[in-house]
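Two complexes follow with chain A in common, the first pairing it with chain B and the second with chain C.
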Partner chain A sequence: MNFLNKIIFFYYREYKLNMSGIQDILTNIIFFFISIFIFIFSIGPDKETISLIGVGILWTLLLLSSTLSLRKFYQDDFENGNLLIIHLNGFSFGFISILKTFSHFLFVQVPFLLSIPIACILLNIANDKLFYLFASFSIGSLILSCLGSISSSMNLMNQRNFLLGSVIVMIFSVPVIIFSVGIINMEESFNSLINILFGILLIVFAINPWASGLCLKLSLENS
Partner chain B sequence: MKFLVNPSKFNEMADYLFRPLLILSIILFAIGLLFSFYLSPDDYQQGSTVRIMYVHVPSAWLALLTYAIMTIYSILALAFRIPFGFIFNTAVAPIGAVFTLICIISGSLWGKPMWGTWWVWDARLTSVAILFIIYLIIIFMNLSFENRIVREKVVAIFILIGSVNLPIVKFSVDWWNTLHQPATISKLSKPSIDPSMMTPLIIMTFAFIMIGVAIAILRIKTEIISRKSYLS
Partner chain C sequence: MLIVKDLSIERLDKKIFENINLSLSPGNITILKGKNGSGKTTLLKAILNLLEPSFGSIYWKGKLLKKNLYDFYNHVTYIGDTTSSLRKLTIKDNINIWKKFFISNINDAQIEIALKTLKLDNYLNKKVGTLSFGETKKLEFLRLIMENKKVWILDEPLSNLDEDSIGLMKQTFEDHCSKEGSIIFSSHQNPGIYVTEEINL
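And now, the complex of A and B:
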């Protein structure tokens, strides 16, 4: 029970931290909506065109705006030493990365999930596609969280060039984008595509603790 | 085979190998270019543009081969704590990037007369472009970390994760219905290419391998020297 208590307290702490800095999350959401506006201004308000490419725009912007908050993934805890304290309390680095990934999913990706219906109204996407969008994004965002964990732990000691972290996430999220936009445009093959997406999630989820745990350990040893 | 994992043994071996390799590569390039420009026939459909193949295919093979060897060395370096793997990764990544760039540019020069465009969003072309970006990220990572120990291990981990792209590049022509043709030369079956075109291709491939190995030797030696001054 002690271990479970620790996990609960970990999430309580994450909740407190994220609520005290709620303007960051809201800024992400505002960035997402502003980019939708800019896209529509640049394409023109033609309804046919927008509904044709709306899903692609939505997915691209979700990816871009969820990579914005990558800097805060481990950096704060790493710099004020909380990462080491959590580790001394009996969590291995791999397990910390799993906990952090879920925390990122809860506090950064779920607000996007909730704002998808409003974006669908703005982009003129049909209501029956909303379910497919939700299904693909709830799996895809977990993949993005795992990739974000890997890339931000890699770039902990990288003081010069943090944009590299976002580039790493974007380069590995290419298959996610392909299959999740494919789900929405080809609804008849929903089952097979969602299975592929789920398979990618399992692969990334298996790699994540190993890679981020190793990078966290390295950075803490050499800082 | 100890020179493949031991820096000082590698230095000894490199002194023997470098000059012969360079001379051999120049000779092979001369013979190969002679063959590919004058002694091989035109294709009955593609005409003279088929000669781009003698640069395009070897550079594409070597781009993949370089990444595969880097993956093997990353595993060696991370699992068996062989620091030569890190030296190899740092030194060889730009060579792979250049081969990939040659492959992309010659491919798009070939695509313009044959397919009518410089670029199509085809599975093979896209995955090779991603391979090129992965090479660039490796180079930038090598430049942007200050701590050497962290840098080389992080780069090795990134190479291991990025190696998922290799089978995608290789099998993209079989898995998807692409404009790019599937592999003509494979080990398991008889190649479907004429011997008169096979000969310059093989010669050019060996010339590319030789020049790649020669440049790699030069870069690895420089890397070893810079690390010695770092340590002492």
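And now, the complex of A and C:
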């Protein structure tokens, strides 16, 4: 029971922290929408073209916007010693990475999920594709959060080049983009493609606590 | 309770320290003394099982620390050289989070007394980021009190504190030891606190 309470209050802490830095979340969303406008202005007023490549643009921008927040994934808690304090309170490093991944999903990815309908209007994406976008983004964003957890924990040991972590996330998110965009453009293969996406999620979800946990331990060891 | 036996640590083929022995029983205070870079923090990290010792072993309640790790963690709290309170939040928010997360049995009246003693009661609604270094350090001590654990491991707890605060710390140390608690802390200066064991690194 105590352990369950600790998990609940871990998320209470995350909620408080994210609400105190709500401007960071809003900046991400603003970046996302401004990038959509830039794409629209650069492509021109041709509705057909925008509609054709809209889903690809949407997914690319979702990926770029969510990598913006990766720097804060573990950095603050690492620097102020909270990672160690949470660990000393009975959470293994692997378990901390699972909790932080869900926290990233809740406080960073979910606002994007909620802003997808507006983005669809701007990019002239048909309403009937909205369900497929939601389904693919719900799974895809969790995959991105897991990849983000791994790259951010690796970055704790690399104080010089933050971009390296974003590059790692981008490289490994190529399959996510392929299958997520595929789901929307090939609706008849929805079941098989969503299963593949779900399979990728299970793989990264299994690797995440092991890889991130090890990186967190090593970075605390060498701090 | 806690025994460190012939502990040696090497990092990148460089010997940090060797053959360290210490034993910590309820009511004891152990001080680790040494210059900057002598390995005080490294020894504290090894005791917290964050570093693998090159030689030697650490025991908790008669068992190897690694085999009894979560019981040890249930009894230990740590103050490092950083401020663990969340800088974006107010003191009040930090206290609320600690109280819930640590499932602390310290009640509001006791917290109020501790805040008054630490002279932090007027800053409750102030963000931690706006406090001075000494005040954030005092807030760390409040966390120690709220966690209410038996073994305190403190890295340079007295640095950047004025004389009044050091006096307050001495009092807090004595109170903790009188309740069967024990403390290991590092310092590069002479803190003027009665200690039961002194380890020179």
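The working rule: the second predicted complex is superposed on the first by the 223 of 223 C-alpha atoms of A that agree within 3 Å, B and C clash if a C-alpha of one lies under 4 Å from a C-alpha of the other, contacts with A are read in each partner's own complex, and residues count from 1 in each chain.
Throughout what follows, a contact is a pair of C-beta atoms (placed from the backbone, for glycine too) under 8 Å apart; a residue touches a chain by one contact, two chains touch by 3 or more.
All values derive from a computational prediction rather than experimental measurement.
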{"item": "First, second, both or neither for A:Asn127, with chain B first and chain C second", "value": "neither"}
{"item": "Touched partner set for A:Gln23, first chain B, second chain C, both or neither", "value": "neither"}
{"item": "Which superposed partner A:Leu214 touches (first chain B, second chain C, both, neither)", "value": "first"}
{"item": "Contacts of A:Ser42 with chain B and chain C, given as first, second, both or neither", "value": "neither"}
{"item": "Partner chain in contact with A:Ile85 - chain B first, chain C second, else both or neither", "value": "second"}
{"item": "Partner chain(s) touched by A:Asn161 [first = chain B, second = chain C, both, neither]", "value": "first"}
{"item": "Residues on chain A lying within both footprints (that of chain B and that of chain C)", "value": "none"}
{"item": "Chain B residues within the chain A interface of the complex", "value": "130, 133-134, 137, 140-141, 143-147, 149-151, 153-154, 157-158, 161"}
{"item": "For the chain A and chain B complex, residues of the former touching the latter", "value": "150, 154, 157-161, 164, 167-168, 171-172, 174, 207, 211, 214-215, 218-219, 222"}
{"item": "Residue numbers on chain C that touch chain A, as the complex places them", "value": "45, 48, 50-51, 70, 73-74, 76-78, 80, 82-89, 93, 97, 100-103"}
{"item": "Touch list for chain A against partner chain C, complex", "value": "2, 5-6, 9-10, 12-13, 16-17, 20-21, 79-82, 84-85, 87-90, 217, 220-221"}
